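Working notes, beginning with the structure itself.
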């Protein structure tokens, strides 16, 4: 299933595969520094990059606060350009030092790195794109690599495998929730629209139904008629019950995904996830160690 | 248990069973076009129908927005009639081309198809029925069939089996939740009604209790007295804890339903529960059927 | 553990145990009519009683609506007395016709039956006790017995066993939630009380913390300072994560309780819940059927 | 993993390890009285201490209510000093009577005991630290020890082991939730900030996104534009679905942690996982140890 491609590879595996062929050159040194954190230079680069990304995100947030924007407009603009230049240089260096530039550009992190600088260039033509620079926050995903948290990366892989395994069930479930919101929203529209300006159209009522089924409950729209409150109570109890459905799906997925990562491992073919008490490997038929 | 009838059959199974006896006739061609999506004509029919249903739902939503209703009343009315005629013809064709009209009319999709056109006819006598045309949204359930998403249909069958398996437990649970809402709502009425217009009657207080237990929390009614806030805190923590009950039920249901659908069984020693892709039995080492 | 006493026995078991010794007398006929629904008279009695309880609850709700109370005060008072007389007669008949009156009076349903008429008598002395008649709603628990829904009763027993099994874990969890609410509420008091009248004391802030951790979120109290919003965001994400704890506990409980009711049953000592693949009974050591 | 240190040891184990070497002295008697609840004096001490802590917490709460603070300022101040003296004496006695003062001071309860008196002394220099005395509420954790609820303590240990086992997965999950809140909050800022004062900056919009994803839904900020409501509906359904992720993780953790604590193991054939109360091995029929 193509969804599995979305899972980032373990960094140690990817990076060795895309290392330049000639060792010892400047390009190879650059590759090790930028992509691997095994040398001192590499560690400095990683931590520095992480600080840059974090401060860039804080900057973008502060820019949106009007009182600050008025005061420090010039500073903000200057910093924006500096960050753009730095991130662009980093992207070009990454493209330069890998064995296959295309392979990096189409990888999980390669696409995020591109998305992080693209809006800044588009901004020259469409100023309203400015805010999309926030997409840079996704570069924080590198955090797991930077701090050598391979175990955390493994956990996130298990989580994503579980999510993908439960993906079809969750899509089916969400489809039913949307249908239910459409139907129940329309029903409430019939009941309430003459007495309540919050239910003045079907789309508005569907919005209310989503707010209620998901148990968010802003309260900006709330039923006022007696019959409306009865139906609303019914919808709430429904939403409260069906939240159990995706949870049950995920529980089953996670439990199964963990079993797969636990279990005896065959010493011949390295297939894992054998059930407890298994005597023979389910892949090659060899005897398992007891 | 009769609830199992609610699960739609896999379309490929149903449709072959209700295909006309005489092959090659116009009626048979019509059947294949309308009910099966294996021919080019069938695919065009399915996609066209899906677009019609979707645009009809959008139309119904827009009709309910007053500013648009005032402007385009004539257009809306004309489109309503066109959709009614199209859907009626489709229903009659379906009735005509199947081997047993009664069988189709009483099937899962047959009832939905009828419900989709009925409110439009009733509207001539009772104009307020207009909005119930939204029931047409349920025809979107055909989406899984149209896009040949048999795997999604399988998942929805597993989900529905799990729901039905947990049905009795969920009914018992909801019954207790309703009893609790009645009791706790009345208690809050005693405590709050002299100080808070939001608790001016027991039904109103029960509505509040449902809003709170389900953790929706609109905030249109909220306790104001000190003792009321203490009781409300207790109710919230209660609701927060008991949401675990249906979730636990569903988790157990889904896990069991998946086990039932997973797991090759060894033909030699009848050991079950092999992991997907297992080639040899984990108990006796014999080859498993692929 | 004494908590297990709270689970109502299966009605068929209880009732035969408390049947009068002399068969064929009027007292025995009364017992069968009131406690067992196997005869026509018994069925009429059960359904009639259920309708009485339901209409009494509706009456109590309507009494609390002021506009109705003003209009129909006399009618409401007369109906209250009629219901009190009817339920009192029923309670006395139940006491009369069982073999051991004490045994019935101290049973699960006996206590509920008493609680249902007690507030009405207390009302003569303390009029404000009127509203506690709502406790009669608990008599609706007889619904499972009346409609012979033994399977639903079995499910509710499984649910209660699961709840009791997870009881200690849930108490520990709730204790931590309360401690957390006290601590986080006090923290928010320090941050917000100078800027926000909603956090004007620690108890009020703890109320807010409970509303937030349980994801109810009325919005009657909400942070206004920047630092307050940051802490509130942290509390929300915390509450959102820890809701998983009781859910995980209940899932484990329900799954285990279901296993216990499934599984092979020993043909000698009737012990159930043997693990799949069990060869010998875990209670008496006899061979199990394969 | 160092996180496991956070789990308090079973009190009976810890205390015997830190008992003074010389038995029968006053210091040893003090140790038994303060740390163990096996003697009459020890039981009186424990219950008395628990009442002191509880009344101190109530006092701290009442102090924060302005109307009471104005009236009873002198009383409150006097009581504060009395509690400080009592708790300080208790801490010193604890340090005195254990074999190794350092060992107690760095233990789980030792740190909490210190934190409970520290803010009171800091208050002389920084009056605003007064409110942090609420940290004393954590001393209530002794409740499990005082009432000899060893079983509850065991349950809390199982819960904490499950939490720690699922810790990495929950960290990864929360990291994704935060990233999502940043991205979706920024998106809503773009859509709403011109029409809605609630979305006047990105940090404010991120706060709204957290409120919505966690299904708290205060309603102090809510979308007003049509496109904003559509995106908000999407975010709600997303939050509603992903709450299943930590729940699935915890379910898997608790189930696994319970398996580990359950299940006698047969001394002959080493088959594990016997149901509680099993007398004979389900595999070989031999008697199990009781």
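Annotations
Labels for the chains are A, B, C and D, by order of writing; each one numbers its residues from 1.
Methods note: a residue touches a chain if its C-beta (ideal position, glycine included) is under 8 Å from a C-beta of that chain, and two chains touch if they have at least 3 such contacts.
Being a predicted model, the structure only gives us computed values, none of them experimental.
Ranked by separation of Cα centres from chain B, the top chain is D.
In whole angstrom, the spacing between the mean C-alpha positions of chain A and chain C is 42.
Averaged C-alpha coordinates put the centre of chain B at 30 Å from the centre of chain C. In chain C, the positions touching at least two other chains are 173, 203, 206, 215-219, 243, 247, 249, 251-252, 255.
In terms of which chains touch, the assembly is arranged so that all chains touch all other chains. The touching residues of chain A, when paired with chain D in their complex, are 57, 60-61, 64-66, 128, 131-132, 134-135, 137-138, 140-141, 143-144, 151-152, 155-156, 158-159, 162-163, 170, 173-174, 177-178, 181, 203-204, 206-207, 210-211, 213-220, 243, 246-247, 249-255, 258. On the side of chain A, the complex with chain C involves touching residues 215-219, 247, 251. Contact residues of chain A toward chain B in the complex are 168-169, 171-173, 175-176, 179, 182-183, 186, 189-190, 193, 200-203, 206, 212, 215-219, 222, 226, 229-230, 232-233, 236-237, 239-241, 243-245, 247-249, 251-252, 255-256, 260, 273-275, 277-285, 287.
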